[in-house]
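Each structure below is given as structure tokens.
Two complexes, one shared chain (subunit A), two partners (subunit B, subunit C).
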Partner chain A sequence: MHIPDAFIPIWQGAIYWLIALVFIALALRWVRNEMNEEKLPLLAVLAAGVFALQAFNIPVTMGTSGHLVGGALVAIALGSPFAAIIVLSLVLIVQGVLFGDGGITVMGANIINMGVIGGFVGYYGYHGLMRLTKSMYASAAGAAWLACLIPALAASVELFVAGTFPLVPGMISMGLYHALIGVIEALITAVVLALIASSRPDILDKSVGVPT
Partner chain B sequence: MISKMGFVVGGIVLALVIGAAAVFFASGDPDGLDSTALIVQGQKELTQPANPDAEVDEASLPGSFEYEAPFPDYTVEGASKLTDVALMVGGIFLALVVVLGLGFGIKKIGRSDTP
Partner chain C sequence: MIEDLFEIERLAYGDSPVHRLDARVKIVICFSAIVALVSFPRGEGTFMLALTFASLLALLLAVSRVRVRTFLLRMLAILPFGLSILLFQVLFPATPVVSPIVVATLPFGIALTAEALELAAQVGIRFVLCIGFIILLSSTTTIQDLLMGARRLGFPSEFTLILGMMTRYLFVFGQMFFRVRNALATRCFDPFDRSLPYAYRIRQMGNTIGTMFIRSYEQGERTYTAMLCRGYGKDAFLFVPRKPLTAPEWGTLAACMAVVIGGPAAVLLFS
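Moving on to the complex of A and B:
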């Protein structure tokens, strides 16, 4: 769901950038206060993994493909939505500047959708579902699915405001495709969390609930 | 439990394998956003694939900013698959390094702030 420059007028892109910068500032403060030399490597390895997985488009039928976004994964693993904001912002900068994947003037909107909304929905979705299901992997999968679908719906609203998509057909189409892409998001998020939990459970945030 | 170094190296290797595999196996079908744009422009139906040549007509869209990335779509014109893999590897390491650099940079500034 990387929005290209052509999809949103520059002035609207500037507004999204301003909002994104507020969250980036908060996320930088989180890094300063919460990150330590034990956890920083996990943040960096997840950024590398998210970059690779975002390049891996998988067909989801109907002539459409999709890939992991990763906001939920990063937020759950590091125990904060701000982790997702930092990782997704930096990954989006590398993708946009070097590889033309996602625009420059619209990067603020992409950071809000995938980093901010993806991170918050992933983190709070996980903890809400954990209370209901008590299953780490079911909760991670459910939260990840929501953290793919809801940012896509947010993007369709932004693109309606931009005059690029009509509201209802845009939401139906974005919602349908990302409900399917969300299954990829759910599976990969659960598998990567399982991999980390089995190799270095101590490195996951305590809020994840893995016994160490 | 594996060592911390083992975890980092293992994670990077896994990312590199996934990235390299993406060069060969990633689907070329439009993503959810492009598919929606194609539907809006009458080039695709919701549940049917678009014509393989279909492209989003950006000229009719409201954004006027243009930027030419050095490696659009993770490739360069006439590049071999090997070059594409190298670009992917470069992107993966850059993502790793910017996060590490920013993290350690902020921690360093944070430390020098506090007497």
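Moving on to the complex of A and C:
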């Protein structure tokens, strides 16, 4: 769901950039105030790791395959949507500038979709579902699935506003496709959280609620 | 995508007048070309503009001696998502037209309209050219040069520092990705193997990915501690020595910017 250049008019791209920059600034402030010490380098190295593990292709069904985006995973594990914003922004900058996946004028929109919306949906989705289901893995899977679906819907609305994508058929097709691909995000996020909880539970934020 | 990372960086270490050009010049030319392409109003002029920019791109590519095949292969890897949106837009027009000119009628009552095809052509040609400029930039400039160039152009110091850290470790985790993939292959494990239960495959892949996640977190911790030992703190920044542009670099910049700014202006004036 990386929106490419030329699909969004320049002025709308500039608005998305401004919104994205506000969230990046908030995230940088969060690193300074909330994370103990200046742990930006740690997030930077983690972003490189997330970039690499996005390369694993995993089958879904009927010949489709997908890969992890990781926004929900980072937001849940590190206990803040802002961690996801920093990690995903770094990943998207590298993808946009080195590979041309995503674009320059639309990078703001992509950061909003995958970093901001993905991170917030992943984090608050997890805590909302946690209150309902009390199951850590079910909530993580549900939140990760939503964090794949909702950014895709947001991308199709942005493309509709830009006039390059029809609203209703677009949302249905983007939604169905990402609801399918989101299964990967959901299952892998739950398995990864289970692995972290059993081998390095100290990484996980206290709010995750690992039974110790 | 990470498969291409090493190849792109190897290409960027090549030698040609474009490779030797200061990163700032290339960043400014490519980014302003993309902004110009995106912001140019839709209409007849687009094709003239596209021709001008395609010539500039072709000229720079020829001078840089990036092989046509490499360029096309990299472009092919990026195109599918954008093209599928365009195709979808052709089948289900995004902006309703009062009396559309129907070019052809497909099964299921889908009508191909001239307006939708026009929009797809307008967007598609810009999209392809934008990617072309990005490929030119990244296959002639090393990541380190890109970072230094961005910093010299006024990209925030704090962000340059972490982006530098990230790109350095990109290669470490790229290697780790290859090792992990080879290790899975030597054990004859393929996530697409249908003879294995789906739950088993997902669990294996999840554990593999989780291990990489934990390893990158631990690498981050080690790096961070090592940086603290060397005096990293709140006010740390990436030191970038000043480097004035040489006269030929100013000349190239001026010539290319003349095309990037003059091209759209001329097309707008004379059409």
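In this text, the second predicted complex is superposed on the first by the 185 of 212 C-alpha atoms of A that agree within 3 Å, B and C clash if a C-alpha of one lies under 4 Å from a C-alpha of the other, contacts with A are read in each partner's own complex, and residues count from 1 in each chain.
Quick note on the criterion: a contact is a pair of C-beta atoms (placed from the backbone, for glycine too) under 8 Å apart; a residue touches a chain by one contact, two chains touch by 3 or more.
Remember, predicted model here, so these are calculated numbers, not experimental data.
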Name the contact category of A:L176: first (subunit B only), second (subunit C only), both, or neither. first
In the superposed arrangement, which partner chain does A:D101 touch: subunit B (first), subunit C (second), both, or neither? both
Identify the partner contact of A:H2: answer first if only subunit B is touched, second if only subunit C is, both if each is, neither if none is. both
Partner chain in contact with A:T64 - subunit B first, subunit C second, else both or neither: first
Check whether A:L88 is in contact with subunit B, with subunit C, with both or with neither, and answer first, second, both or neither. neither
Please work out whether A:A20 is in contact with subunit B alone, subunit C alone, both, or neither, and reply first, second, both or neither. neither
Looking at A:S199 after the superposition, I want to know if it touches subunit B, subunit C, both of them or none. Which is it: first, second, both, neither? both
Contact-wise, after the overlay, does A:I150 reach subunit B, subunit C, both or neither (first, second, both, neither)? neither
Thinking of the overlay built on chain A, is A:A72 touched by subunit B (first), by subunit C (second), by both, or by neither? neither
Can you pull the subunit A residues that subunit B and subunit C both touch? 1-2, 4-10, 13, 28, 32, 37-38, 40-53, 55-59, 65, 86, 90, 93-101, 103-105, 163-166, 169-170, 173, 199-200, 203
For the complex, which residues does subunit A have touching subunit C? 1-2, 4-10, 13, 28, 32, 37-59, 65, 68, 73, 77, 86, 90, 93-101, 103-105, 159-160, 163-167, 169-170, 173, 187-188, 190-196, 199-200, 203
Residues of subunit A that touch subunit B when the two form their complex: 1-10, 13, 28, 31-33, 35-38, 40-53, 55-59, 62-67, 86-87, 90-91, 93-101, 103-106, 152, 155-156, 162-166, 169-170, 172-174, 176-178, 181, 199-203
Please give the residue numbers of subunit C that touch subunit A in the complex, ascending. 1-5, 8, 31, 34-35, 37-39, 74-75, 77-78, 81-82, 85-86, 88-89, 92-95, 119, 123, 126-127, 130-131, 134-135, 137-138, 143, 146, 158, 161-163, 165-170, 172-174, 176-177, 191-192, 201-203, 205-221, 223-224, 227-228, 232-234
Looking at the complex, which residues from subunit B come into contact with subunit A? 1-2, 4, 6-8, 10-12, 14-16, 18-19, 21-23, 25-33, 35-37, 39-40, 44, 46-50, 56, 58, 61-74, 87-88, 91-100, 102-104, 106-107, 109-110
